[in-house]
Every structure is written in C-alpha cells, then in structure tokens.
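All remarks here apply to the structure that follows.
Chain nomenclature is as follows: A, B, C, D and E, assigned in order of appearance, with residue numbering initiated at 1 for each chain independently.
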Amino acid sequence: MNNFPILSFLTFLPILGMIIVLFLPKKQELSIKVTTLVITGLQLVLSIVLLMNFNYSAGGINDPNSFQFIEKFRWIDIPGFSWIGNIKIDYFLGVDGLSTPLVLLTAIITFIATLSSWNIDKSIKGYFIMFLLLDTGMMGVFVALDFFLFYIFWELMLLPMYFLIGIWGGPRKEYAAIKFFLYTLFGSIFILLVMIGLYFSSMETLVDGTKVFTFNLLTIMDPNNYTPYGILSPLNPNNLRLIAYIALFIGFAIKIPMFPFHTWLPDAHVEAPTAISVILAGVLLKMGTYGILRVSYPIFPEITMSLSWFIALFGMINIIYGALAAMAQKDFKKLIAYSSISHMGYVLLGMSALNTMGISGAILQMFNHGTITAMLFLIVGVIYDRAHTRDLDAFGGLGVQMPAYTGFVTIAFFAAIGLPGLSGFISEALVFLGAFGSGTTRILGIISTLGILLGAAYMLWTLQRVFLGKLNEKWKSLPDLTAREYFMLVPLTAIVIFLGVYPTPMLDLMNASVNSMVKFINNAQVFYSSLNSF
Amino acid sequence: MIEVGLNHFLIVSTFLFSLGIYGIITRKNAIMVLMGVELILNSANINFIAFARYGNFGLQGDLIALFVIVLAAAEAAIALAIVLNIYKTLATVNIDEVDSLKD
Amino acid sequence: MTETGIINISLAILFLPLLGFIVTLLLGKKIKSIYLFEVFILTVTLFAAIFVAFIKLSYYVDDRIIAEIQWFKLSETISIKLGFLIDNMTVIMLFVVALISALVHYFSIAYMKDDPRYNRYFAYLGIFTFSMNGIVLTNNILMMYIFWELVGLSSYLLIGFWFEKKSASDAGKKAFIVNRVGDIGMFAGILILFLTYNTFSFESIFHSIAAGKLPFNSDFWLTMTGILLFMGAIGKSAQFPLHVWLPDAMEGPTPVSALIHAATMVAAGVYLTIRIFGLLTADAMMFIAIIGMLSAFIPATIALTQNDIKKVLAYSTVSQLGYMVMALGIGAYKFTFFHLVAHAFFKACLFLGSGSVIYAMHHEQDIRNMGGLRKKLPLTYATFLIATLAISGIPLTSGFHSKDGILASSFAFGSLTGNWIFAIVGFLVALMTAFYMFRLVIITFHGQPRDQHKYEHAKESPFVMVMPLIVLAGLSIFIFYTPNPLNADEGWFISKWLPAPVLSAPNNTRFDFMQETAGAVTHNPSHGTITYSESYTEAMHGAHNPAMILALVLALSGMLLAYIFYQWKKINVDKLTQAIKPLYTFSLNKWYFDELYDKTFVAGTIGFSKLIGWFDAKIVDGIINGAGNLTRLLSVFTGAFDRIVIDGIVNFAAYLSGFIGLIFRRIQTGKVQTYLILVIFSIIILLFLFND
Amino acid sequence: MITLILSNLSVNIQAIYPEIILSLTLVALVIFDLIFNKQKKFLPLISIIGLFFAFIFVIPEFGTSRSAFPTSENNSLLSIDSFSAFFKGLIIIASVFVVLFSMSSNEIKSCPDRQGEYYSLMFGMIIGMFFLVSANDLILIYLSIELLSLSSYVLAGFVKTSIRNSEASLKYIIYGSTSSGIMLFGISILYGITGSTNLFEINSVLGFSNVPQITFLISILMIFTGIGFKISIVPFHFWTPDIYEGAPLPITAFLSVASKAAGFAVLIRFIEITFAESLSKSGFWQLIPYVNWQNLLVLFSIITMTFGNFAALWQDNLKRLLAYSSIAHAGYLMLGVAVLSDQGLTAVLIYFSIYLFMNLGAFFIVMLIANKINSENIDDYRGLGYSIPFLSTSLAIFLVSLTGLPPTAGFIGKLYIFFALVDAKMIVVAIIALLNTVVALYYYIRVLKVMFLERTDKHVEIEISPLNFVIILALLAPTLIFGVYFTPLVNIAKNSIQLLGF
Amino acid sequence: MYDIIFYLFAAVTLVSAFFVVTNRNVVYSAFFLLFTFFGIAGIYVLLGADFVAVVQVIVYVGGILILLLFGVMLTNKITNVEIKTGTINILPAAIGVGIFAGVLLAALINSDWKTLPAGKPLPTTALLGSMLIQDYLLVFELLGIILLIALIGAASIARREKV
C-alpha cells in the first residue's frame, strides 16, 4: 500500500476513462455511460481506500513529513547558469486533513453527478469526455502540493466546464458559459501572477546544498526559505506581499464566489445541466476556499492575520446578501444558487476566525455544503426533468403528488438551514463558535447570525411555494422518484444525516491539520513581527 | 552663399525624401506611387555618398548606393508586374479604389 | 436500581419515540396500521417514564445524576460532549411529556381517523416526543439547543400537517421563523458561554461562574448572556413580542395543539429559563419579568374577545406562559415549575376538550355557532369545567396552588423591592383569565344551541378521546401535589421534590433579597420554602394569605362577570362592545401585532431582498463586471436606466471592447496610403515621446 | 593574393552551408521546373529535401559562435551563433510545414503551371530570412529584408486571378517598399553618425564618442519602422490584417510565423549588439543609454497587444482574426524583448517555438476547412464541431493554446514571458498583459462557441487525407506535450540565447 | 563654381521631384522623374562618386524609368493624351510630411557631423570592384539572388495565366 501511487490514480483515472470513451463508438451510448460510471465508481472506491489508510494524527499543512501518500519526483528539471536554467518543478502530490475531506467529496459528488448525467441526450460521448476531464482537474487541485501543478489543474477545469455549460446547458447557456469562463480566467491571472512572484521569492535547498527557486508550496511556506530580495519575500523591505495577498484572494474569491465577484454563479448554475450544477456547487466552489486555506493562509500568515476582519466582513456580506438575494428569486435553481453564495459565506467567516473551531467549521462546512447543495440541485433537476419549468410560482402542493420526493426536499432544505441533527448545523455552529471566539470577527459573527434566520425564511418559503398548499392541477401526473433518483439522493441523505448526528469521523480527519494550521499561523505571526521590528 | 558642405547635400536628400513620402501618400496612380518610392531610395543614396565623402568613411557609401540602385531596379520590376496584374484584374491603377480588404 | 439503570431507562425513553418515528414514517405507506406501533411505543415510554420518576423520587430524591459522553473533539482542549442530567425536575417533566404525549396519541387515534396521512401524523408525534424528551434530559445547553430546534421542526411539521391549506403551511412557516428569531439570540448566548467556559454543561458553567469567571469579565455580559439565552424562551414559549406564532399554530390538528402548543413545547422555554436560572443576574431577571408581564397581560386582553375556541385557549396559553416567565423573573422558582406542570395538565385537558367539541361539531371552531353542548357532551363538559376551574385558580385545583404561589411571590417581590407592578398585573390577569375562560365555557356548553343542525349531530366522543380528558382533569386536582388544599408549601411537590435553586451569579449582581448573607440558607439543598434570604422567607409568609384571598376574590369575580354577561345576560354584551368599540376592535385584532410585523419586518425583509435581487442582477452584475459607473450614473439621471443597463460583465465588456474595437477599426480603412500617413504621424509622435 | 582570398573564402563558405544549400535548392527548383514541366508534384519533395539538408547543416551551428565574411579586422557581415541557428531551425520547421500546407491548398493548386515559381519564391523568402537572422551589417539586413519582402510580395498575390490576392500584393509592396525606404534612410543617417553599417562597429563608436541625440533617435526610429513592419508592431502593422486576409493561406501562415521570427531575430540582434554595454551577472543587459529601449519596447508591446486583441474582437473572418491575434502575439513577444535580459530572450525563444506550432496549426485547419466550404467566415463554422469533430477539436486545442491556457504549450510560452517580467519587477506590465489574455480569450472562445455551442442542419463532410492527418498530429503533439513537459524546449532555448559577441 | 553647380543640380533635382509628386499627368511626372535622376547623378558626380553616377544614369534612366513608362503606357490607353490622375490625402500628407521634414532637417543641420574637408575626388571604380568581390562578396551574391527572385517573381506575375 505504501508505494501504490493512489493519488495519481485518483487524479488520472478519469483521463484513462476519457481515453476509453474516446475510442468507444459514438452510438454505444450505454457503454460510454457505464464506462464513466465505473471510472468514477473506482475513484470513489480509491478515495475510500485512501480514507481507510489515512493517518489521523499527521498534521500536514506546512510540514512535508506529515503529509500522506506523498508522490514526489522532479517533473521539470532544467539545469542552467542563472534562474532561467534552474527551473525545478515537482510532480508533488500529497494529502492532509485539509484536502482529504475534499478528495472524498469530489469522489462522491462526481459519482453521483455521473448518475445524474444519465438523461443527457445529445452528444453523449463529448459530454462524458468533458466530464471526465473536469474530474481530473478537480481531483488534481485537491491533491497537488506544487503551486505550478495546482495551477495547471486549476485551469484545466475551465474549458471542460465551459463546454459542459455551453453545449448541454439551458437557453442562455452561451452567455452563462462565457461569463463563467471570463470571470474565472480573470481570477486565475491574479493567481498566476502571485505564483510567479512567489517563485522568485523563495528558494529550496537541494540535497547537494545548492539553492533553487521553487514552486513547492511547502517550501514557500517556510519563512526560512525566503530570499532577501524576492518581491514577495518578507525579508525584502519593499515587498508587495499585501498586494499579492489581495490579488491571490481575489483570484480565489471569484471561485467561491465571494461578493462582489459572484454574479457568474447564478447564471452558470441556472444554465448548466443538473449534473454540472451539482459539480459546480458541490466541488468547484470549494476550490476557492480550499485555495485560500492551502495557499494564501500558510504563505501569508501575517497578512492573513491582519486582514482577517475583512475576510470575515466579506463572509458576512456573502451570508446575508446571498440569503436576501435568494429570497427575491423566482427561479428555483437561481434560488439555490444564491443560497450557495450565502452558505459559502459561512466558510469565509469560519476561516477568518483563525482558530481551531472556525477553521474546522469552515472545512466541515465545505464538505457539508458540497453534499447538501448537491442534493438541492439534484432536487431541482428532478422537478425540472418532469415539469420543464423552474418557476417557483408555477408549482404548489407537490407534497401530495410526490411525497417521497418531498421528504428528501425537506431533509435537504432543513440541512441547508442548519437544523440540528443534520450536517449543516454542526459546521455552522462551529463557524459561529470560531467567529465568536476571535475578537476580530466577533461583531461580524453576531451580525451573521441573521443569516440563520434569513436562511430559514427563504428555504421554508420555497418549500411552501413548491410543495405545500393546494396541488396545482397541472402537475397531477408527475411521477414520484425513480430508482435512479433514489440511488442519487439516498447516499447523500445518509451522509447528511450521519454527519449531523456523528461528525466525529470527518472532524477527526481534519483535526490534526486544523490544529497545525492554527499553530502555524500563530507562530508565524511571531516570526513575521520580528521581521518588522528591524 | 555659404560654402557648399555636407549640410547642403543633407538638405537636398531630406527634401527629396519628404517629397517621396508625400508622393507615395497622395498619388492615386500606383505607378506614381512607385516613383515616390524611387525618390526615397535616391535620397538615401545621396546621404550615403555624402556622408562617405565628408566623413572620409571610404568607399562603403558608394558601394551601398550601388546595391540600392540594383535593388531599386528589382523592386521596380516586381512592383510594376503587380500593378499590371491589378490593372488586369481590376482595370484600374487607382490605389484608393483598391480597398476591399478592410475591417 | 442503580444510577446507571436510570440513565439507561432514560436513554430508552429518549430514543423509543425516535424509533417509533422512523418505523412509522418508513413503513407508513406499506402498512396501514403501523400507527399502532407508535402508540405502543409511546405507551412503553410512558411506563418507563413513570418508572424512572418513581425510582428517582423514591430512592434518589436528593441526587443529581449526570452522564456524559464525548460527541466529537476538535483538539486536545476543545471537545464537545453530550450528556444527561437527571434530577427531580427532569423526571417530573419526563413524566408530563410522556403522559400527555401518550394521551394525545390515544386521542388522535379517533380524532385523526379519516386523515389520508394518518401514519405520518403519528410519526411526527413520535419525533416530537423524542425532541421534547431530549430537551428535558439534557445536561448541557448545546444539546438543549439541538433538541430545541428539533422541537421546532416537529412543530413545523405538525402545524403544517394539513399543508394543502395555505393558512396551515403559512402558520408552520411563521412558527418556525419566529422561533428562529429567538433561537438566534439563544445561539449567541450559547456561543458566549462556550467561549468563556469551554463547555456547554450547565453544571460546569455554574461552577465557573460561582468561581468568579464571567463572560468577557464583565457583569454586563453575564446579564446579556442570560437575556440572550432567554430569547430562546421568548420564541419557544411565545412570549411578547414573539407571541404571534402561537395563535396561528392552531391551524394544526387540535391534539397537536394540546400536546405542543399548550403542554410541552411551549413549556420548554420556561424549562430552559429554569435550567439557566442560576446564572441570571438581577437585571436579566428584571428583563425576564417584564417580558413575562407583558406576555401575561396582552394575550389575556386579546383572549377576552376571541371567538375561535382554539384561539381563546391559545391566547390563554400565552398569557399563562407569561405568568410563569414573570414568576421566574421575580424569583418564584419553585412555583413556576409547579405552575408549568399544573398548566400542562389542565391546558392539555382544555385543548383536548376543545378537540372533542370540534370533533363532535364536525370541525366547527367558532364558539358563536355552539352552545348548549353540555347535554350532548357531558364528559367533555365535566372535564373541561374542571380544567377551567384549575386555570382560573379556584381552590381544590392544582391551578389554585400554583397561581397562588406566584401571586404571593409577586406580592413579596413588591414588598421587598417596592415594585408592585408585577403583582398588579398578576392579579389583573387572574381576573381576566377567570372571565374569558368562563365566557368560553358558558358560550360553548351552556345556553341554547345556535347551530341546530350541527347540534343535532353532535354526540359524545369515543372512549379513546374521553379517557385522556378524564386523566388530565384528574391530574388537575390538588391531591396529586399536596395534601393541603389551601397551602402547597408543605406538600411533597414543592417541599420535597423541588430543591432550592442554586445561584451562581455573583452576589453583587443579584436582587438584594437573593444575596448571600450570613445565616441565609442559600445553598442548602434541603427542602422547604426558604429559598433565598431570611427577608424573602418572611415576605413570602406575609404575602401568602392576602394574596390567596385577593386571588380567590378576583377569580370568583371574573367568573361572576362571565355569568353576568353570558349566562344571565344581565348586561348586553353587544352594547358594551359598541361602547368601547376601539378597545374591542383593538383586542379582537390582537393588538394588530401581525399587521405590524407584516408591514415592518416581513415586508421590510422581502422588500429588501427584492431590492438586493434587483441590485444583484442589475448593479453588481454590472459594476463589478466593469460596467462603467459613468454610463450607469448618466442613465440613472436620464431615467432610462432599464433600457441602458447592460446585464453583466460579458455584455458590458463586449460593449466596451467593442467600442474600443470600433475606434480601432475606423483606422483600418483598407486604404494603404492612409496607413502610411498614420505611420508617418506615429514616427513623429514617437520622436517627441522619446526625445528627452 | 588570389589564393588568400580563396582560402578565406572557403572558410567563410563553410559558415554558410545551409544558405548555400537553400540557394542550390532554389536553383534546382527553377531548373527542374524548366526541364520537367509536367512533374509538378516533385517540387515540394525537392523543397523538403533541400530544407532537410539545410537543417542538417544548421544543427552544427548550435553551440558555435563565429563570424563569417569579415569586412575589416574585427567586423563581419554574418554571425554564426546559437541564436541564429535557433531561428534558422524554426524557419526550416515552419517552411517544411508550409510546403506541406501548400500541397493541400486549393488556392495554390489553382495555379498548376506556376508551382515552380511558387516554391522558388518561397526559397527566396527562406534565404532572405536566413541571412536576416545572422546578419551583422545593416546593409545586409536591409537587403535580406528586401529579398524576403520581394518574394513575399509576389507570393501574397500568387493567385493572380484572385482579386483578394492581387490587392494584398499591391498593398503589401507599397507599404513594404515605403517602410524599407524609410529604414534605408534611417540607415543612411546612422551611417553618417557612426561611419559604418556594421553593428559591432557602431557599437564601439557609440561606446566612446558622443552622438547627436535627436538625429540618432530619428535614425533608430526609422530603422525600427522597417523592422516593426516585418514583425507587425502597432503602429507599423496596418498591412497585416489586409495582407493576411488577402494572401493565400499557406503564405499567410508563413508570414505570421517565419517572417515574424526573422524580424524578431534581427530586432534582438540589432538592439543587443548595437547598444550593448555590458552584461550583468543576473542576465540583465546594460545598454548604452542613447535610446530608452525598455520604455520604447514596453510602450510598443502594450499598444500592440491591446490593439491586436481588441481589434480581433470584431473580426468575422477567421483569417483576419488570426491576423490580429498574431499582432497581439507580437506584442507578447515584444514584452520578452522589452525585459532586456537573457531571461526575456529565453522567453521569446520559447514563445516563438510554441507559437510556431499552434499558429501554423490554426492556419492549417482554417485552410482545410476553407478548402471545403470556401469561406473563412466565422459564421460558416457553425456547428462544425459536430460534422467534423477531429478538425474542430484540433482547432479548438490550437486556439486554446493561443489563448495561453494550461495544459497547452501556449501557457508555457506566456508563463516564461511573465517569469521574465516578474523577475524584472515589471509587475504592472505583466498585469496588463494578463488582462489582455482575458480579452483574447473572448474572441478565441467565440470560434469555439460557434463550432461547438451552436448547431446547424448543414452537414459538412471533410475527408482528411493521411498526410494532412499526420501534419495535424505533428502540430498537435508539440502543442500538447510542451504544455506538460517543456524541459527540452527550454533547454534548447536557453542554450540558444548566446549571440556572437556575448 | 562647385557651389553653383551644386545649386544647379540641387535645384533641378528638387524642382523636378516636386513636379513628379504634384503633376497630375502621369507621363509628365515620368519625364520630370528623368530630370530628377539626372540631377541626382550630377550630385553624385559632385560628391566624387563617378561610378555610382554612371550606374545611376544607366540603371535608373535607362532601366527603371523606361520600366515605369512602360507601366504608364500599359495601364492607360495610349490614345488618351490627358493621362491625369488625382491626388488624395493632401492636407494630412502635407502636414505630416511638413512636420517630419522640418524635424528631420532641423536635426540633421544641427547635428555635429564629423566632417573633413572633401578630398580630391579619385576614381572609384577599381576599388569598388575589388570591394565587391572581397569584403562584400556575400552581399554581391545576395543581390544576385534578389535579381533572380525579381526575375522569377515578375515573370510569374506578368506571364499569361493558362486557364
């Protein structure tokens, strides 16, 4: 087990699947679907194997020795005289408690999204090729520990997503797709810039004692590796770390999406096919916050500390703004999209607290939101498949017509509004505990509690508009859930309930990492302030 | 009158150059545009030779002028061929009527 | 029976209803009579509760049994625990919940017989019982909150059970959301507690407070914490100003109203306040008392004019809960709990009685269409009357004792602090309660039937419905609580089962009479009426008799007034209402609270959300996106906003770049000589640019 | 005396074997065409063989650094160094592809009896470029540019019957001869100032004596005009869209890649050799500060890329769109030069190698499609993703690479440019360049959108011959492989930045 | 004397060049161009570039000008005596060229040229010949290729296309 490159398999399995699908004849739709399902299923199995072999006490974050399943070898190794020659890029994969939950989440969501893609009816081959490519990109982002590799995976997702929305999407798909693409590309240019800046600011010491610039995230995190004159090096008195931090943050924030960079999301969600909405909300949004935690936080701990209030502020705005905007929507899917904005606000708020509870809450919320929102989008998909409309006011009384469906809806909705016993509650509670626990973010945390109320308001209102009340005669013939839909919803529901009652497995997974991150940021603060005193 | 020196030659060449440019820009007839080009080349040649002479740079300037003259001949040949071809296809040599390729 | 045994049985009591819920819900579609399983489970639960109560009160009467397990942990120092605290209050409440729940189950068998979602209804009752038991059993505030929310959920499900009716689904939504308002406060309070004490456990928190550790090291924040936690109670116990949801909650099936909105869930708020009593400062208690007073008074005035049988009872419930809350605020700890239990029984009885009436009248709820039902429904009438006497505080009932205790406490409070308003309102409400309750009884059961048709068809309810009434009416008799029909102080309930509250708020923040002074028996767990200081004990003694007499007089005069108005018709009610028309309308329209909230909070939020939605679609999606402010600003001024507004980055960027591109393409004329002019000019410009 | 000349000559001739081979091939083509008038299909073969042998003789030039054809003791006409060898290599590769393109181009095939001239003229261009990339002397530079231009003027109008071709040709020659005239005038002034046309000699004159500032600047700007015309830098780019659109597609492709490469090579050599003062250890060049090259180049590159990108947004003709995009790419490349360091230079070389494949690829597929549907209009590409998936997907990959998205090679090219910029602390410029990438995405993605997101009932069938299939694969492979494994490319580029005299 | 001759040639050159670019008649322009070329040849002589002057006369007057005249004739109907053509862009051209010429002139005149008194003109032909095959052999050969290409190119374009 030790030498089995499980992470590479996890990441590149979909590429293999893609190749297989590529060579399958166009007409064999079923075998294309089944291939994809098998591949994503294998991925899920692998991720569970990963979980079973996971060492719960290893912290990760900044310590290369406590990352797990590390795969590291020189990928690009160009010897040379000045820096131009000395490009060293590692193929460096590894997971810790921060990424493992998200790897798991990705595997689960992709698998379910595959099932949900079953009713795609045009250009099936192309769809699944893109789908699998996207899968690789997502998985790669969560396991890459080299910034360059991270960036490659990050960008790798753009194009498949563009096509998935643009070809298989709704009426305004082209607009939504291009908007998504432009927005995220706009964000990633900032990431790219900071990546290059960091490259010139930190040096890795090789075995033979020579020093080379590096993209290795873990090396960059170590303050001892900074070069004296790198533009992003704290040792350089004229460094641009603050600007770089903000740029990087914007890059990630667009993906979250954080107010005011969120407007791509409602469009993308509404137009995307169900499975893609599920992936978009379930996994893609997490990349933004994951990026902040994985890259921004440990590399710029001192700025993180000084800007935490602002992060919390944006978290708060996201929570309340998203909720209010959701309330105003008439389109079911758009409402869910805005609710995602609101819920990602909790992640931001939790992260900003910079304490164990807050960060645990944030990561847990990432996982929980991933599963809950996936459910929500599946739910919208189910109704859209049947009724071909998403207008909230067009429905009513479906609770009578589709009781099982309504049951799942109720669970998902209540999970989304943080009802105890369902997973959303724990993460939200931890987020608030964290936010209250930090003096910086307390007031913002208090204001954010309003989100709990607003969340309940719009969710219940939606529940009422669609499912309660008199049954609209028009929908007299809507069938209840099919077996496939059960198969998609039941596992998610199980996760939501299980983690609501017993969150320990997930929390244990991340505890060591969260604590070492908190410790690292606080210790780093000491280091960086000692620099300022010079 | 000032004694003729380098500057005089430069003034001549500059005017010649400017007239060449002016001709290129303003003439409608493609052939007349080509004449403008010849003027430019000649102006440069005057420069080369004048500089060579007054700067005592040796015969390099003369040599360059020779090259340019030969080149001018080659260019003129091809340019005329192209103009004739345009005349064949479009029945005009008015350059400002040749503007189908544009944004 | 060991303590572990008690814990285990309590576990069973907690989880059996959950099992019932799951089984009934999942198999509800397949097996028609699965509800019987739920009923059976509840019966078992009831016996278990009785058993636990018996054991606890007999053998462990002075013990507090605590069991904790770790739920999850975040680091070595931060770990979240779940646990039970079983003291006498717990077991009594368990018994109350289990009993009323079981009775409601029986009652519902008949009442809900024709409902298409019969099984689901029972499932919901199961999860409610589970949640309520959770609240009762918990030893920590987090678990309290968790079950608190679950209770909210069950309440939502049950109120909106007939969700085809818009009013029902509206009411469910309203209940949940209004409750959430309070819950946010409670949640904030919980967060403050955990951050200060790193634990959720009541016990540990009290210890730390007693040891001098305060939230943010200030008295003020201790007060705030108390108030924040109490906000949960405001929501759940329907206290002013969040009382508006409870009357609407009557849209749910009547047995549900009896169970949830009269006896148990709404009592949870009071129960919570009792649980956190130890950390309340004088300021917090004052706040609580004022809220309680307002909640006692306002709904009482509303109840005077309502015509829906359930609405009257609902407002009476709010009023009575206000009574309890006020009592807690003025320190009447034991009597509050007493009244809580007593009220649970008689109010459940009243609701079930009204259910029986409604059942008999084929879902007629307006009392103006009833009358004379006494003859048709003798058993219902009898039990209803007993409960009415109890709520009015007529001697020999439990209500008499509990109410009397509270009034005496308010009297004592007045004499100790000079603050008489609570006493005045307390008595006034007692008067009004007697009046509107008897108005209800008289109009419903006495006189002549008004709707002859329905009257003809009315008949006494079946046994499963009547039996619970009888049991509950029986439990409203004083004998279950004390042997002395006039003074409960020596009875086992007050003196033996209920210990004095443990106060941990710092001395200087308490009311004077609650401060620890030499000779006071503050922390004495022994039983008796002495709760706080000597002076308090004396004041209570002094207040007891006057209060009792005054209360009795007021209750009787209320009764009398009701008879005068409605039975003997000595005074024309219509004339009177005409005379005080504004007041009457004001009361009839429930002080316009709903309208006020609708116009302000609801409309405000929805309006704001629409604004945000619009803002998001138009402005943010534009500005962010680089849509030039100038264009926008100009278009605002020209009033052509909508036409000119371009949606989003893509459009705008396209527009902008298109504009730039347009400028660019102007110069790509296709005329080569134009290009050359540009080249010449470019060279000139460059020359000037780089000539330094 | 004569023997001395001859022995010198033989040494010098050894240095220009590739050029000689190309010239011989040119002659061979002419003769073959004259003799075997009917055997047109052997012409490309001869061309490729010639190019192949030229390539073989280019290889040893890597790593060498010597001068050939001395005009005086220290100066010579030609520099044979790694830098020129790199560009020669690029030019040969591009030429091979263009020869292959020409074999499938309907436009070229429409003039069957002038095939001989076509390939001869192409070799004229190639020889011109070869001299251009290694020329040390302004006169040689001027003449090489002229050779290159004269051939391309004719080739741009190769299909005489096509109005588009003829117009392109006429515009091109007027614009081109004017530009080169201006350049020549500039050279003459520079000659007057320094007394030489040799770059090294000019360098040494600049090093120790004062020169008249404004006059010098004027001369440099005029020379820059000529070079700028070749590499289509705004504002000397005006010919580009018109001529790219008008010329036959293989020629457009050739102009956009090879001729631009040669132009950049000469620009870099001109700047570095003429103005070099010293080379700092970190790879930054210290230039003689008569001209603020950095500001000048940055200004040009920003204007160029912005203009190119924004103008491309409006284009409906794919060829024209690619023309503007190639202007934008010239802007990015110019940034690499503007850094004025070895780093920047490496970046330029890397970018060029990648640009070669992706741009040729894009043009080739546009050509194949145009062969069939007789249109380069984007609207006519509607739904092509479904009827010709292979071509469409390949085009998509090339366009994505042109945008600069990972994991395609285009990203690596841009990455290195940004490396150089950040290393030189030119952050603002880098941000502008990156924002330009976003604009670029918009028009590239538009093509993808039309091909894949829109549908049509019209069904287009295009048979891809095995040769074309191989060509596409040969272009696709580097575009994708260099995206994830660029070590060899960087190694070559890094070893090729050694110019003679450094 | 030298000065007068210079001014004469300069005047011939510039005045006729002015007419070349302003005259509306193409044929006239061509003939004015002839004078310009002669004038320039004269200037070359004044500068001691005898060989270049001769080449100028032979190539330009004998070759290029004839070529241009052919062009004029081939693109116009011979019978049409009034071979006039219009002009465009006069104003911008005048402004642009004016500024440009002004700047250039000012710069050139004010530059501090390293001038030496012009030496006695020597025959240049032999020396040019040896330079051509020694130092500038490569350029010479390159010119050969250029001419070849010009030949091929011109022929390629001019020859009749078989349809």
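As a convention for this text, a contact is a pair of C-beta atoms (placed from the backbone, for glycine too) under 8 Å apart; a residue touches a chain by one contact, two chains touch by 3 or more.
Computed from a prediction, not measured in an experiment: that's the story for all the values here.
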| item | value |
| --- | --- |
| Other chains in touch with both subunit C and subunit D | A, B, E |
| Smallest count of steps, each to a touching chain, taking subunit C to subunit E | 1 |
| Most central chain, Cα average position | A |
| Most widely separated chain from subunit B, with each centre as the mean of CA atoms | C |
| Farthest chain (mean CA position) relative to subunit D | C |
| Between the pairs B-E and B-D, the one where more C-beta pairs touch | B-E |
| Centre-to-centre distance between subunit E and subunit D (centres being mean Cα positions), rounded to whole Å | 31 |
| Rounded Å distance between subunit A and subunit E, as computed from the means of their C-alpha atoms | 71 |
| Rounded Å distance, subunit A centre to subunit C centre (Cα mean) | 38 |
| Centre distance in Å when subunit A and subunit D are each reduced to the mean of their C-alpha atoms | 43 |
| In subunit D, residues with contacts to at least two other chains | 139, 143, 146, 150, 153-154, 157, 160-161, 169-171, 174, 178, 182, 189, 192, 195, 214, 218, 241-242, 311, 314, 442 |
| Residue numbers of subunit C (touch at least two other chains) | 653, 664-665, 668, 670, 672-673, 676-677, 680, 683, 687 |
| Multi-chain contact residues (two or more partners), subunit E | 88-89, 92-93, 96-97, 100, 103-104, 108, 113-114, 136, 139, 143, 146, 149-150, 153-155, 157 |
| Touching pairs among all chains present in the structure | A-C, A-D, B-C, B-D, B-E, C-D, C-E, D-E |
| Contact set on subunit E toward subunit C in their complex | 88-89, 92-93, 96-97, 99-100, 103 |
| Touch list for subunit C against partner subunit B, complex | 664-665, 668-673, 676-677, 680 |
| Residue numbers on subunit A that touch subunit C, as the complex places them | 175, 178-179, 182-183, 259-264, 266-267, 321, 323-329, 338, 356-357, 360, 397, 399-400, 403, 414, 419-421, 425-426, 429-430, 432-433, 436-437, 445-446, 449-450, 452-454, 456-458, 460-461, 463-464, 467-471, 502-504, 507-508, 511, 514-515 |
| Sites on subunit C touched by subunit D in the complex | 653-654, 657-658, 660-662, 664-665, 667-668, 670, 672-673, 675-676, 678-679, 682-683, 686-687, 689-692 |
| Residues on subunit B engaged by subunit D in the complex (per definition of touch) | 13, 17, 20-21, 24, 30, 33-34, 36-37, 40-41, 43-45, 47-48, 50-52, 55, 57, 60-61, 64, 67-68, 71, 74-75, 78-79, 81-83, 85-86, 88-90, 95, 98-103 |
